[in-house]
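I have placed the structure first, in the form of structure tokens, so that the comments after it can refer back to it.
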Amino acid sequence: MKIRVVIPNSSSEFTATQVAERKKAAFTGTEVDVVCLPHGPVSIEYAWDEALAAPYILEVARKTEEEGYDAVTVDCAMDPSLRAVREQVSIPVTSGGESSFLVAMALGTKFSVVTVLESTAKVIRENLQKYGFTSRVASVRFANVPVLDLVDEEKAAQAILVEAKKAIADDGAEVIVLGCTGMSPLARKLQQELGVPVVDPAAASIKLAEALAAMGLAHSKAAYLTPPDKEIR
Amino acid sequence: MKIRVVIPNSSSEFTATQVAERKKAAFTGTEVDVVCLPHGPVSIEYAWDEALAAPYILEVARKTEEEGYDAVTVDCAMDPSLRAVREQVSIPVTSGGESSFLVAMALGTKFSVVTVLESTAKVIRENLQKYGFTSRVASVRFANVPVLDLVDEEKAAQAILVEAKKAIADDGAEVIVLGCTGMSPLARKLQQELGVPVVDPAAASIKLAEALAAMGLAHSKAAYLTPPDKEIR
Amino acid sequence: MKIRVVIPNSSSEFTATQVAERKKAAFTGTEVDVVCLPHGPVSIEYAWDEALAAPYILEVARKTEEEGYDAVTVDCAMDPSLRAVREQVSIPVTSGGESSFLVAMALGTKFSVVTVLESTAKVIRENLQKYGFTSRVASVRFANVPVLDLVDEEKAAQAILVEAKKAIADDGAEVIVLGCTGMSPLARKLQQELGVPVVDPAAASIKLAEALAAMGLAHSKAAYLTPPDKEIR
Amino acid sequence: MKIRVVIPNSSSEFTATQVAERKKAAFTGTEVDVVCLPHGPVSIEYAWDEALAAPYILEVARKTEEEGYDAVTVDCAMDPSLRAVREQVSIPVTSGGESSFLVAMALGTKFSVVTVLESTAKVIRENLQKYGFTSRVASVRFANVPVLDLVDEEKAAQAILVEAKKAIADDGAEVIVLGCTGMSPLARKLQQELGVPVVDPAAASIKLAEALAAMGLAHSKAAYLTPPDKEIR
Amino acid sequence: MKIRVVIPNSSSEFTATQVAERKKAAFTGTEVDVVCLPHGPVSIEYAWDEALAAPYILEVARKTEEEGYDAVTVDCAMDPSLRAVREQVSIPVTSGGESSFLVAMALGTKFSVVTVLESTAKVIRENLQKYGFTSRVASVRFANVPVLDLVDEEKAAQAILVEAKKAIADDGAEVIVLGCTGMSPLARKLQQELGVPVVDPAAASIKLAEALAAMGLAHSKAAYLTPPDKEIR
Amino acid sequence: MKIRVVIPNSSSEFTATQVAERKKAAFTGTEVDVVCLPHGPVSIEYAWDEALAAPYILEVARKTEEEGYDAVTVDCAMDPSLRAVREQVSIPVTSGGESSFLVAMALGTKFSVVTVLESTAKVIRENLQKYGFTSRVASVRFANVPVLDLVDEEKAAQAILVEAKKAIADDGAEVIVLGCTGMSPLARKLQQELGVPVVDPAAASIKLAEALAAMGLAHSKAAYLTPPDKEIR
């Protein structure tokens, strides 16, 4: 099985730091390929970033299908352009936010998302409402760490830990979802310290993609209708 | 007061047919300016269209604010890039879908949206869920008429009428919202034939923009945080 | 356009203090007329007050339509007798609570209402549930200031400010709705101090009435059925 | 135990037909007294009727408490003035609609209400939304029989039966709630014919009143705050 | 009328302490019989306990119907095996949790449950979600007192009181539901101290059983279908 | 990785027909072991069946953990004893219903469940409400085929197909979930005929178990608290 992970920003430096983790997340036998966008913002933290990245996400997704991949993951907890990508391609499409929320709901009755910035938290809250999952959400918190500062892992871990602890103690979270796909190593550490499951959206979207492809499932074309050829000026 | 109506497609021909209606929708004393996008799809009917139009919607919205307009409307029932535009500008931003849903809820307990295509209906349903309005929605129906075919007004009217009648008789709709901004003349005709209020999203978003600007209100920057300067590659 | 504002209490003294603000809220070209009830409680703060005022609200609304007004607003954040008035008349009927909630939802994802008394808060919470808006509500708070004490504007402003700040900091409010129509001057001051939009229900209901009348819209008679002649003993 | 049943209309003729049924609904040892209003509409079918009856419902409820009754029921499926009455008195207050919905939810997962008129159905739907019960409601249907025509029992029964059968077959109702308190004899007949439980709101509100009074429970004064003395002009 | 109260644990000692309270809860004329299970855990505090008790609850319920009782109550706030029992028998079945939630909703708009252990709270929260009542719930709290320690009434009362006060002050509870059926004497004391209604689930389920039986109502067999004879190995 | 599939009925004949399908559902490298219960009903179709099977499901799950399995699946779309099993063991526990609903929500906005019997449909609807997924559900339908009759694959397929088509055409389903774990071969056939994704709950729960175990995740012990040692009489 061949899965392409699309990191929907234009930062090849950031992407380089993520490759090993994404390969590690897959089952033996799954070939994982990680790419970022040719153009667009260097990080996705605002709806504004999403809007600017949108055409390039579509472009990369289209190529992914053409090149014969079995599935594609949009590697971001904000699920940018998810509906548009699913309209465009027929191979399974998963995404960091959606996949991690689904996994979290298999692990407890209430989960909290701990993400990077307030702007990201706003988008994630809106997505949770759109997906109909709010009755399962304890809170969406943010650590006030921009995505590209996640490379200072120690400091990021500390800030995330503080919010995750509040989510558990004050909001009733039984499961923590990390609200950014750049935090895989953190997920493991946090889980040990917190004593509750910590879901890494990058891993979750790869595992879900593998599972869908293996089951012969892809998103419904009755839900995500294929656009006809249309004039683009 | 100066309001700019942004028709988020690239069809200047379609836009030309809408100008008179938009001006008519405003109060005396409101100056209305109607533009379309410099690039992008010729109509917005799929999430895919939205994604391709997104960067140009942002560009036009930014210029609108710079040129001193008091408010901007995104003239589309699918509310494309609404969150991104609100992040970007500080003047009031309204949009066809959201505005018409709000107006409809002032007129009855249950409304139905009748839109053009199934793909559009899917996006509108998702928006209604995202906005938390589903308990007020009787149904979202579509007439199977592409946006640019709305110029054949007679035929479009007939198809919309059929669905609107079903919405009232079968789904319990008390109010009809037209799910496309290219139907202003239709709204008036349909209202007479149906005997229930018919909300035109193009007019609704202009009236809401006027009302907000007059009250000194604009969207909350605590909801739509301003993105910092960021590298766009 | 001629709009009548019905302050649904019997206090002509209070009403006198509101006239200038209501006229100011309207567009040039809108004629605004402000009246209170001939009988009933001197303020509307409890469901009990609403019940006693109900027949007089209906009486004034009926006359308003007979006298050729284009719209009527029930000038109270508790929306007293709103359904009954809409059953009775065919001109657009707006109301302080409903209108301000709708406006607030165009400005942010979560709003809080800050009202005068706990009893008022209870009614407003019930209305928000009835309207299906609770997923958009951060909180309903009260400042413990009876309506008629709002004339001591300084003190009222202080108490409201405290609660509004808590709504923003603790409850996640992005927009503040004032939960009483006697606070128009306060709305402007609070907005400056709080840095988020503050919606005045008195102004909101006038702007919505103007917008509806201008669009040729009135509440659906399929939602608010006209009562037949009936014996009243 | 002494319970007063308040039929919130002014029709002493209708009331006379209901007395025997109400007494029959009570346990041995419960003294039941049935009254109607001194003034107001002869039937309660519209919000408009409710508004006109409101002050008299309050008056009768106040006297009921003064005369030492242990509980009072507002004998109407539209629950008119329920909040106002609870603000006013401290003895338990039950009502036809609310009581029957609660009983229905002890009998199945989905219930339908079959009421008299479309206008009544609209109010009942709004109440169900206000009470937060919509996830348990299959449908609210109406038989198009005005309240005072219920005396022609045969014809009413037929019309109600047709709608109840549709509720079960088409809407998934497992329990039927009669949406009018003038149908007690019908409830028994319908239950036999339909094979599912049929809840009579008149009986339900009496049984709930008995249960509350026996348990030493009355509505919370933290929910329904007592109004202070206030000038009524 | 003959009602059997089934305490769904195997502790005859605990059961002995409850008999007098259950008899006191009934109307004169109702014969109340209290039994516990022949086998199973000595208390029901976890879903695990429920699972082990399930076959014995069914066995006792079946016998109750065979012996001609008019109704049966499953005397536990966790509502163990409620659906299964209703599938099995045709006489009315009530249960501590469900009955007390229904009664609470007749007394205020928001109630809190105060139960014994965190594990119990988790099950009760899940039930409230299953019943569709969450919009009426302020919170579910626990006092950290195992069921069998309720015999030290003074200490239990103190712990429950602390949580009930927090529910009222911090969570907005207007009504308190005790989340365990072993607390009847406490209910009365707490109500006096708290000033809001306190619902005893043991009493509530008996009163509801009496009411249903008296009205000729039992759960819908369209909701709880009767299982056919089936091989049990 | 070693996963045990627990078919929660006592029919070893039925179980024998399922083994090959379960093994086929797993990734290479996953060892799958399929067992049924030592005692209990021969099929799980009613809550009553669940109640009788409950103690044996716990027993088998406990042994599974003791024997060193990495995960366990409760192979039934009714999710029997799911909470109890999660309280008891620490290895990941998945189940047919929950897993397939989660997978379905990754494939479309609205799914329908097509199950075997009306009684099963009732339990599944209740579970969907308990899980908070109802806003994503188009319908729950049943084909009126008892579980053990699924061996007549042709006839079952026909009955399921009819209901699945109605779910898509009449209810708006974009994805079909099979509401029984004995239908794996059917899932593939139906998907081809229907043109929308068809989720097999047996496969879904195995894939989810594999994914959880591989990610080092198990259900939260803060959600499913471990019961203490307790006297079982």
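For reference, chains read A, B, C, D, E and F in written order, and residue numbers begin at 1 within each chain.
Basically, a residue touches a chain if its C-beta (ideal position, glycine included) is under 8 Å from a C-beta of that chain, and two chains touch if they have at least 3 such contacts.
The chain list, named the UniProt way, goes like this: A, B, C, D, E, F = Putative Hydantoin racemase.
What you are looking at is a predicted structure, and each value in this text was computed from that prediction instead of being measured.
*Asks:* List every chain that touches both subunit C and subunit F.
*Replies:* Touching subunit C as well as subunit F, we find A, B, D, E.
*Asks:* Using C-alpha centroids, which chain lies at the maximum separation from subunit B?
*Replies:* Relative to subunit B, the chain whose C-alpha centre sits farthest away is E.
*Asks:* So which of D-F, A-F or C-E is the twin of B-C, meaning more than half of its contact pairs are the same residue numbers?
*Replies:* Matching pair: A-F.
*Asks:* Between subunit A and subunit B, what is the gap in Å from one C-alpha centre to the other?
*Replies:* 30
*Asks:* CA centre of subunit A versus CA centre of subunit C: separation in Å?
*Replies:* Comparing mean C-alpha positions, subunit C is 43 Å from subunit A.
*Asks:* Two-or-more-chain contact residues of subunit D, please, as numbers and ranges.
*Replies:* Those would be 109, 122, 126, 129, 132, 135, 223-224.
*Asks:* Can you name every chain pair that touches?
*Replies:* Here the touching pairs of chains are A-B, A-C, A-E, A-F, B-C, B-D, B-F, C-D, C-E, D-E, D-F, E-F.
*Asks:* State the interface residues of subunit B toward subunit C in the complex, per the touch definition above.
*Replies:* Residue positions touching the partner: 25, 27-29, 94, 98-99, 102-103, 105-110, 131-133, 135-136, 168, 174-175, 188, 191, 195-197, 199-200, 203-204, 207-208, 210-212, 214-224.
*Asks:* So in the complex, which bits of subunit F are touching subunit D?
*Replies:* These residues of subunit F touch subunit D: 122, 125-126, 129, 134.
*Asks:* Mind listing the subunit F positions that touch subunit B in their complex?
*Replies:* Touch list, subunit F to subunit B: 109, 135.
*Asks:* Considering only the defined contacts, which subunit C positions touch subunit D in the complex?
*Replies:* Going by the criterion above, the answer is residues 10-11, 39-43, 45-52, 54-55, 57-58, 81, 83-84, 87-88, 118-119, 122-123, 126, 129-130, 132, 223-225, 227, 230-233.
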